[in-house]
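The structure under discussion is supplied below as structure tokens; questions concerning it will follow.
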Amino acid sequence: MARPDGRRPDQLRPVTLTRGWSTHPEGSVLVEFGATRVLCTASVTEGVPRWRKGSGLGWVTAEYAMLPRATNTRSDRESVRGKVGGRTHEISRLIGRSLRACVDLKALGENSIVLDCDVLQADGGTRTAAITGAYVALYDAVTWLAERKSLTGKVEKVMHRSVAAVSVGVIGGEPMLDLCYAEDVTAEVDMNVVCTGAGDFVEVQGTGEAGVFARDQLDALLDLGVAGCLELADAQRKALNL
Amino acid sequence: MARPDGRRPDQLRPVTLTRGWSTHPEGSVLVEFGATRVLCTASVTEGVPRWRKGSGLGWVTAEYAMLPRATNTRSDRESVRGKVGGRTHEISRLIGRSLRACVDLKALGENSIVLDCDVLQADGGTRTAAITGAYVALYDAVTWLAERKSLTGKVEKVMHRSVAAVSVGVIGGEPMLDLCYAEDVTAEVDMNVVCTGAGDFVEVQGTGEAGVFARDQLDALLDLGVAGCLELADAQRKALNL
Amino acid sequence: MARPDGRRPDQLRPVTLTRGWSTHPEGSVLVEFGATRVLCTASVTEGVPRWRKGSGLGWVTAEYAMLPRATNTRSDRESVRGKVGGRTHEISRLIGRSLRACVDLKALGENSIVLDCDVLQADGGTRTAAITGAYVALYDAVTWLAERKSLTGKVEKVMHRSVAAVSVGVIGGEPMLDLCYAEDVTAEVDMNVVCTGAGDFVEVQGTGEAGVFARDQLDALLDLGVAGCLELADAQRKALNL
Amino acid sequence: MARPDGRRPDQLRPVTLTRGWSTHPEGSVLVEFGATRVLCTASVTEGVPRWRKGSGLGWVTAEYAMLPRATNTRSDRESVRGKVGGRTHEISRLIGRSLRACVDLKALGENSIVLDCDVLQADGGTRTAAITGAYVALYDAVTWLAERKSLTGKVEKVMHRSVAAVSVGVIGGEPMLDLCYAEDVTAEVDMNVVCTGAGDFVEVQGTGEAGVFARDQLDALLDLGVAGCLELADAQRKALNL
Amino acid sequence: MARPDGRRPDQLRPVTLTRGWSTHPEGSVLVEFGATRVLCTASVTEGVPRWRKGSGLGWVTAEYAMLPRATNTRSDRESVRGKVGGRTHEISRLIGRSLRACVDLKALGENSIVLDCDVLQADGGTRTAAITGAYVALYDAVTWLAERKSLTGKVEKVMHRSVAAVSVGVIGGEPMLDLCYAEDVTAEVDMNVVCTGAGDFVEVQGTGEAGVFARDQLDALLDLGVAGCLELADAQRKALNL
Amino acid sequence: MARPDGRRPDQLRPVTLTRGWSTHPEGSVLVEFGATRVLCTASVTEGVPRWRKGSGLGWVTAEYAMLPRATNTRSDRESVRGKVGGRTHEISRLIGRSLRACVDLKALGENSIVLDCDVLQADGGTRTAAITGAYVALYDAVTWLAERKSLTGKVEKVMHRSVAAVSVGVIGGEPMLDLCYAEDVTAEVDMNVVCTGAGDFVEVQGTGEAGVFARDQLDALLDLGVAGCLELADAQRKALNL
């Protein structure tokens, strides 16, 4: 079962993490997983939402969106339709949870950080690329806070874990890592794995798109996913010069 | 680690599936997992949405919602706020995918079935109770179609698998089955497992709410979840007299 | 002119008022007028909306809604359509006005109570059943406040009147009490009568759906409506053990 | 109990019905009940909404709205708030029902008429002024259709009844006709009466705003309302030169 | 090239400015440019929006809207569609900017004035009529403030310039002043000119609707527009008895 | 009066037009005016909107939007707020009009092209950069159509004019070309000039943000704007190898 771009089943697409792609945000990363291209920006606000005031805890949240022509056919803008779609909501929530898992909100103090993940070009794995890139943008934003002495803890204390994500799937009965769009639409099982740099799970979501899957398939996908995430964690460390 | 209601870690809450709770729908089930109470109705329409016409395939979709005071404190109505929230969207999509996994859409023919899952009272596990109850309502709706000869295949051909779901979680380091609300809010890891009656996976979603989780924890949760789903499949068969 | 269920023209359908149907709300009643089934819950909040602060007066309001398949054919959810329909608005306002008429808002003090009336199954008379059931749920919520000593007056002072409602209509020229859906759609005149337990009017709304009506018809309908409301007031007293 | 403008209890405010106030609509009337000023326009479209096609029946509907500064203090625009309020919905529906009661929809044939009633200045009784003025605008629109031979029946056949409306209320225990705003806010009972030119009822809506009302009060209000409507019917006939 | 109403190319339509058309607002003007009829009201609120508090500056804003049947064919209400259209937004913003240009916001002090411009009848030039009329309503509202001693400066200090607006266009190659609707739809170039009473520009917007335009055409249109605005400034002075 | 980046008053910022920045759209250009960066994509659909069917004419429209953190402080997403803001609407409409001015819609035939202009980074002049870049993307999309023989005319016939845009303004009394954000906020007059490659005007919009402007200032700004547009037209030709 040859992959469209000739990769091995356990091989990631070329990954690039371009820090500082935008000048305004406190952290900004253009992340590319092959042809998938997501702009992740981290925006810092002093203070936290009203319901969290006085808690001593910070807040991290995320919003995901696609440009109308990030995909092969144009989608209507959610702003024009007047509502955010279910898929967008679901992915924004996933990114937010994943990023919060790598932050010590107490050490962050009463600061808020919004991660905006805008897909400029989509070719499968946009949500996993977004999580992987947003981690790096978040790290830069926390560093920015530390440099302004707005942080009680040190950067490493706030960012006490790294987090990365990758998609895996079963195609023609074979488990594959980091599906591109052409693979994604034919996958029998589709799974997103979000891991820390230590290989622990933050989130696991597997769906039998066109069928069901057995325990041994699930195990093989998890192995593949964890390995992919560890490789991405390495790329994140390099990008951050850690 | 005693559970609030004295259950063993691997024990479900009392489950009831009351068929025909409402008179209007083609299928209707009041499902109860302990104090969680969800009204699942199946509404049949001849024909399919425009984008599916002429395909020969049927369509199954789901909508999940909570009454404002299904929970301990009142929530604003989504109709009054003017938009469907992210959590609602996410759960509706999960229920829809899970139910489609148990239906042969070709055998269903160009008929549409909407599963409405309205939470009348919430005490944890509302989405898994909804899936478990909706399967039974869907079965009744397909039988209704068969009796009207609007089905090319037989009921058993359309409903070629059963599907049930249960939540599992880690509390105080220990894996537990079918969390009630008081347990859910303290769980370190929270997972929903959707399985067929044969114990295959339809969907797996695990989140480290307040931390991360290791592979062996994940394995223990999956074991617990599959066992719970098989027990629920049994309850479904009894309710349907199969 | 025989009625579908064999009732006399001046006969109510069987009425049941099940208190405490839900465990979370401060008051909850499942009210049934024949096959019409409405879940009424009363939610208490300390304090009042901003525009009423410092007035010393409480606030009572209501929201009415139907489950999508409460009716014979499925309706789209108002949350999905993104707006509350005119009929829903109109009925919510009627219920709120009717309930406020039976409460001494000064004796209630600066507390707010929301009555949620969700139609689980509709067979005509949903708004009148909602008012009749909501009164009982409201009474329980006020009692709950009294038990917590959050009330300046006594329960009987706050709930200084009871309120109940019933529909009446003209079918085939004959006035009828408490129309079921099949009767409602053929009625020439349709009227809702909201009365206190003493038989005074709180609200009267009559419409010539398919024509106009003369003064003597109106008089006959009012007689029928008042008698029906008094009978419902009796059922409320029994349900509340007053 | 003197009225602010010195009227007798059973006296209408000065009523003017200015036909042809606007040039574009098929019918347009500026109606004034004292300082209350409503622009009623009737817009004709050939054909009927999709759900009514092929029925041979016409369709009449109404939309009511207030300019932001029609009232003493400015209200936000419903377009800017993004939704139509409950009061607006309720009144639009009342006007629509009232106007349909005076039209033979079969004789109208498959034509649609929308009545827009925009309150330019409000001083109580806006909904009753709107109904009274909209009837005249509707008459002109039906005449317009007849002149273009788009009508199967004659104008008098389509407009087989006239309809007018007036408010009545109890102030200081005394029944009063056609309340202005200053009276409306102090009324104990508030009622709108919609009658045909023959004095039959089309709609009756009475509310005990600040209390309840007895049968004899209701009777007195109905007497007053019918007399007021008959006087308005006379003004309509004069305006239409009938 | 004869104009539909026989005007010279450089001639305005008859202009009327009726002050005090409504009784509630602090300023109200019915402005007519030929058959175009716009009701402009000025609503004063003490205080300014939150983001401006403590600045010592006042705030002036505008909202423009059309009645559904102000035009030849009926448009849906923006409140019913649930959103304000692009054209409406654009014109509201233009009116607001134009009016702020004639007000000394410091001398106004922390007071807010909203100009509502509702088109009752449209025949071209509604936005320019709205600006011209709103200026007069604004002047009256500022005078109202001065009479209540809520103004630090004098009226003439606050209203330190007058502002008026007119449309110009090229039809059949010829520049024309103050286009009516029939002219507007055939114009090759369409321009709105907003000027002070001294003939300075506040805003210039020119569009080649059906083509492009050269510098000399632009110059001719500006000459025509300035002359028209000066004439309107004269009418404003007369209306205000200045 | 030195400019922040040392430019002469009549000097553009560095302009780059990167064609084919995205792979999916039929035309895509990343346009940069200094630090302003806009992604312009052209999406082709065969056929036209319903209201234009059978006209033989094509359709060109545009949508403008900003990423939340394109600016110095983060803005809420319009999709999350549930509505498109006035400024966004206004700019989308301007871009659409400008692009339609350079297209022969008859020669385009019944094809539709949507120009999406998404601001990735904003530093003043986003709308003029968007028009300038969108023209190039549109040219590529029309070429794409021609290559698929879906065009009745030739590319040059469809694209019968080029169009570019630039901002000009008065700062400290001096006219300046192509304002960056820091200049824009201090400008006394702000104008956008949209010209064809031949130097004719397509659209002119000038606003006295903080004052008014005289005819000679307007003339100087127009001179500057036309010269800037001609320079941009040259850059467009080079980018398109024309």
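As written, the chains take the letters A, B, C, D, E and F, and residue 1 is the first residue of each chain.
Here is the rule we go by: a residue touches a chain if its C-beta (ideal position, glycine included) is under 8 Å from a C-beta of that chain, and two chains touch if they have at least 3 such contacts.
Note that this is a predicted model, so its numbers are computed, not measured.
Participant: State the smallest step count from chain B to chain D, taking one step as a move to a touching chain.
Facilitator: 2
Participant: How short can a chain-to-chain path be from chain D to chain F, counted in steps between touching chains?
Facilitator: Tracing touching chains, the least step count from chain D to chain F comes to 2.
Participant: Can you check whether chain C and chain D touch via the same residue numbers (shared by over half) or via different ones?
Facilitator: Answer same: the two copies use largely identical residue numbers here.
Participant: Please compute the angle of the rotation superposing chain A on chain C (C-alpha atoms), rounded to a multiple of 5 degrees.
Facilitator: Nearest-5 rotation angle for the superposition: 120 degrees.
Participant: Using only Cα atoms to place each chain's centre, name the chain farthest from chain E.
Facilitator: B
Participant: Sharing over half of the contact pairs with A-B by residue number is what counts; pick that pair out of D-E, C-D or A-F.
Facilitator: Comparing each option in D-E, C-D or A-F with A-B, the repeat is C-D.
Participant: So, what's the distance in Å between the C-alpha centres of chain F and chain B?
Facilitator: Once rounded, the distance between the two centres reads 50 Å.
Participant: Express in whole angstrom the distance between the two chain centres, defined as the mean CA positions of chain A and chain D.
Facilitator: Result: the chain centres lie 59 Å from each other.
Participant: Taking the mean of the CA coordinates per chain, how far is chain B from chain C in Å?
Facilitator: Centres of chain B and chain C (C-alpha means) sit 33 Å apart.
Participant: Spell out, as numbers or ranges, the residues of chain B touching 2 or more other chains.
Facilitator: Where chain B meets two or more other chains at a single residue, that happens at 82-84.
Participant: Report the order of chains around the ring; begin at chain E and proceed in the direction of chain F.
Facilitator: Once chain E is placed first and chain F next, the ring gives E, F, A, B, C, D.
Participant: Can you list the residues on chain A that touch chain F in the complex?
Facilitator: Residues 22-25, 28, 35, 39, 41, 43, 45, 63, 65, 67-74, 77-84, 88, 114, 116, 118, 120-122 of chain A touch chain F in their complex.
Participant: Would you tell me which residues of chain C are touching chain D in their complex?
Facilitator: Contacts found on chain C: 83-87, 89-90, 92-93, 97, 101, 161, 191, 196, 200-209, 211-215, 218, 222, 226.
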